[in-house]
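Structure first, then comments.
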Amino acid sequence: MIFRLKYLRLFCCLAVVVAAGCDTVEPSFRLNMVEAVSNDTGDAYQQEIQNVLGGMFGSPDAPYVLPETGLDQARLQVAAGPAWSDQAGTNHGLYRRHCVHCHGINGDGRGPTARFLNPYPRDYRPGIYKFKSTYNASKPTDEDLHRVLINGVPGTGMPSFSLLPGSEVESLVEYVKYLSIRGQMETALIRYVYDDLDEEEALDEKGNPILDPNGEPVMLRVPLDPENEPDQREAILEILGEIVDGWNAANEGIIVPAEDQIPSDSRTPEEIAASVVRGRELFYGVKANCVKCHGPTGLGDGQQDDQDYWNKVNKVFLESLTQKTSPAVEAVKQEVAATLYPVRNAIPRDLRLGIYRGGRRRIDIFWKIYAGIAGTPMPGLGPASAGATGTLTEAEMWDIVEYVLSLPYEPPSQPQKALPENLNPISSAG
Amino acid sequence: MSPGCRQSELGPIAEAQAAANVRASLSEGAEAGTGSSAAGSTGTGWATLKGRFVFDGTPPQMQPYNVNKDLATCTINGKAPLQQTLLVDSATGGLANVAIYIRKASRVHVSLESPPSRESLFDQKECIFLSHVYPLTLGQTMQIKNSDNVGHNTNIEGKNSFNQTIPAGELIDFTPQKEEAVPVSVRCSIHPWMLAYFLPRKNGYYAISKPDGSFEIANVPAGEELEMQVWHESAVGPGHALVLDTPDAKKLKWSKKGRFKIKLGEDEVKDMEITVPAAALGG
Amino acid sequence: MRLFWSFLFFLVPVLGVLTFVLAPYFNIALPPDVSEHGRVIDNLFMFILYLTGAVFVVTESVLFYFMWKYDAGSNDKPVKFSHGSHVLEIVWTILPAVTLLFIAIYQMQAWAVAKMDPPRDAQGKIIDPICEVTGRQFNWDFRYPGPDKELHTEDDIVRTDGKLYLPVDEEILLRINSADVLHSFFLPNLRLKQDVVPGMKQNMWFKATKTGGYDIVCAELCGWGHYKMKGRVFFLTRDKFEAKLTEMIAEKNTMRVKVPEEE
């Protein structure tokens, strides 16, 4: 009898432990707290914003898009939800199967494995993408996102997903755009609520303001309620339209290299060597200024004090913690700050490694030089938009491409870090 | 917050029924709203709003910028230039670089419909942006100039994002398309200490206070309520809105978002002296 | 009780044998072998399997018999201890030792061909690697030497999409290294696997006998993404392989973009 009771207890303990570890709570999108707290969004507004976003975009298990977005609902359905396969072998829940552990359920780049990665996984919510074929301020095209999934991002933790069937890759591209549009809408709603929804005076039946004991009119919060406020509904749809227009205009932002400036395919080795020499001159020159950040030997040690957009947002938020505000606000800010990952500086690329994150075709490097890299300190040397003024001609940019491609195979005889006098900060007063 | 398997659980989640209701109402599409959402009627005529921002307190000592590149160009006699986050005129106590602008103007005076000059210069010299707070009317072209002998890249954040290398001694044109609600930062990546603020607006109803704290916005719509936004880069309000709680500010019903409303009579010249206590700027 | 426990233990050899017999029908047998040397390895595997399987069945059957015959419920005679049998001890030490020695010597050649004797050209020099495989967390990157046939020169073709193209029916030498932590380049259909230690460059060689696409998996725990560190190796005829290299060089040199048409 004692024998059996002992094992029965052990079994019960195990059952409880196992059951506690099993998570059956449906995941939900959580609010961009840095934006919400920076814009003073109160709890009631936060709830209303989540409701509006839930209505407009659904949940991680049940995505939804208004027809205005132009996204394919069927593809989103395949990408969303828990990961499972049906009888025919079709995979569902692709985002959760492949992406969520780094990119997070909100697409915020804060999944469980994200904090162990350098660089951090991409946060889709600002809608800024580094590796694309379009002007700096434009969105990436579908082809750009597709290429990132197929080639991965070498030099980072992003692997290649080329072994997935094409339809699955398309679904994931669609879902990433969905998360971006949702993230941009979230920020826009938070700012709309701050900017345009003010308090209004409480009025009695006769239309006179109700006064509090001090003689001040009682102020009521204007709720975010598109259901009952046609003005708000119009504004929300207008904001969505602007966001979607940005994505739809991506193809118009593609940088097409001018045919007459593209180097010929049949250059002799001497011509190529001459191009490398011209590229080196430009690299070290005062027009392109590449050395200033990439360092005198291209090791990426020229200027390491700046941050990319995603880290800068966190840095600004953490700096705002030092400002004196009310204890309640400070407590909330501390809570949010505790969830952020350490701020990292944007280190310019070490060009001698031969690792090109955004693609290693000549045109990929050309695009980086032409438009810079959106969201990072890397500036462009070409026109900022069609018809604007550029800093270098395209032929000069192809020369720099040639030089950059030769750098990993040109070991410097004396590789030197940036000269010490350029690194000593002068910040002592007097 | 332990990073583990559970993500951050701050903030609310969507309520299913409320979300469904919102979805139904948005799917109907936008009806024409109840006319314009402008609060109040429009008046006639034009007025002038001017005044001075005066700093009340001991202005903090400005620290030098952290100059770590191109020392020959960016330092003067080996000394880095001082930061410009809170500039107070020692003689008059005037607070410089306060941005004050009308949030939504119902009508625009003819003189401001087409700005005085299509081009507007934005220069940088000795590794400092010469206009620390730089406003622009949409339609104008920003001429970004580099008057140094080293290259700079001008990195403008926000809705009109721009990041291009400006070679030494040259000028690059940039025409922003979108209005910003508050000034956005302009930086250089090669010289990361460089900082300025950029405010593109749809109309010319803005002013940046001069070194003596004075500002003037001419030809503002008279006879109607104007909502003014006030901003300073060191202000502790949300988005650096300048939030004041002095008795004068309370009379103006100065909001927690750095806004106040004012109604001017036709041809009135309103002169306001606005005192800014040190606490409002983080003092 | 004798019935229950003894037959429970008898199930072990029965199910064990059944698993191997029925394995091909449930797709859990050895994957198809497409390499020249794989046959030798598979034969070795089967030989050891049969040998150990036979011994296993015999010992388990003896175990069953003893459990059945000497079950406590049906035996009340006291146990008789013997002082062991010297002869039996010698027999069952020598026999397995000899078998082990036989297997060790028998497999030496198989091991040497796979791991110690790289293919050499007519002059006796080890052939050049046709590709350098770099494992990184969590992707396989491939670097082909390009037209100058030398690795780490400017005309190399670097691919990061996890697809390795190789010619069929030719001696292939791959150089394998790691960019960060321990990985293991495992080609199940070629019965070959090679761990890489960061800082060490390893060689792996084989000759594939069939065209087609086969798996590459990582076989050394390298982090949280180890399970999804996969690739695909494609064996092509020589001319198709050359054509593929040309295609990859053209893609590397892409300088034009096609703008999608307005819909």
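Chains here go by letter, A, B and C, matching the order in which they are written, and residues are numbered from 1 within each.
By definition in this document, contacts are C-beta pairs under 8 Å (C-beta built on N, C-alpha and C of every residue); 3 or more make two chains touch, one makes a residue touch a chain.
Fair warning: this is a prediction, and the values are worked out from it, not measured in the lab.
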item: Category of the chain touch graph - line, ring, star, complete, other; value: line
item: Most extensive contact between chains (C-beta pair count); value: A-B
item: Intercentroid distance (Cα basis), chain B paired with chain A, Å; value: 25
item: CA centroid of chain A to CA centroid of chain C, Å; value: 41
item: Between chain B and chain C, centroid-to-centroid distance (C-alpha), Å; value: 66
item: Touching residues on chain A, where the partner in the complex is chain B; value: 23, 28-31, 33, 36, 38-40, 43, 46-48, 50-56, 58-59, 64, 66, 104-106, 110-112, 115, 136-137, 191, 194-195, 198, 226-227, 230-231, 233-234, 236-238, 286-289, 292-293, 302-303, 305-306, 309, 323-325, 335-336, 338-339, 372, 374, 377-381, 384, 388-391, 421-430
item: Parts of chain B lying in touch with chain A, wherever the complex brings them together; value: 1, 3-5, 7-16, 18-27, 29-34, 37, 61, 63-71, 75, 78-80, 149-155, 157, 160-168, 170, 172-175, 181, 187, 189-192, 236, 238-239, 255-257, 279, 282
item: In the complex, chain A residues that touch chain C; value: 98, 101, 113, 116, 133, 141, 143, 150-152, 154, 157, 159-160, 162-163, 251, 254-257, 259, 262-263, 265, 354, 360-363, 366, 398, 405-406, 409
item: Residues of chain C touching chain A in the complex; value: 136-139, 141, 152-154, 158, 160-163, 224-225, 228-232, 251-257, 259-260, 262
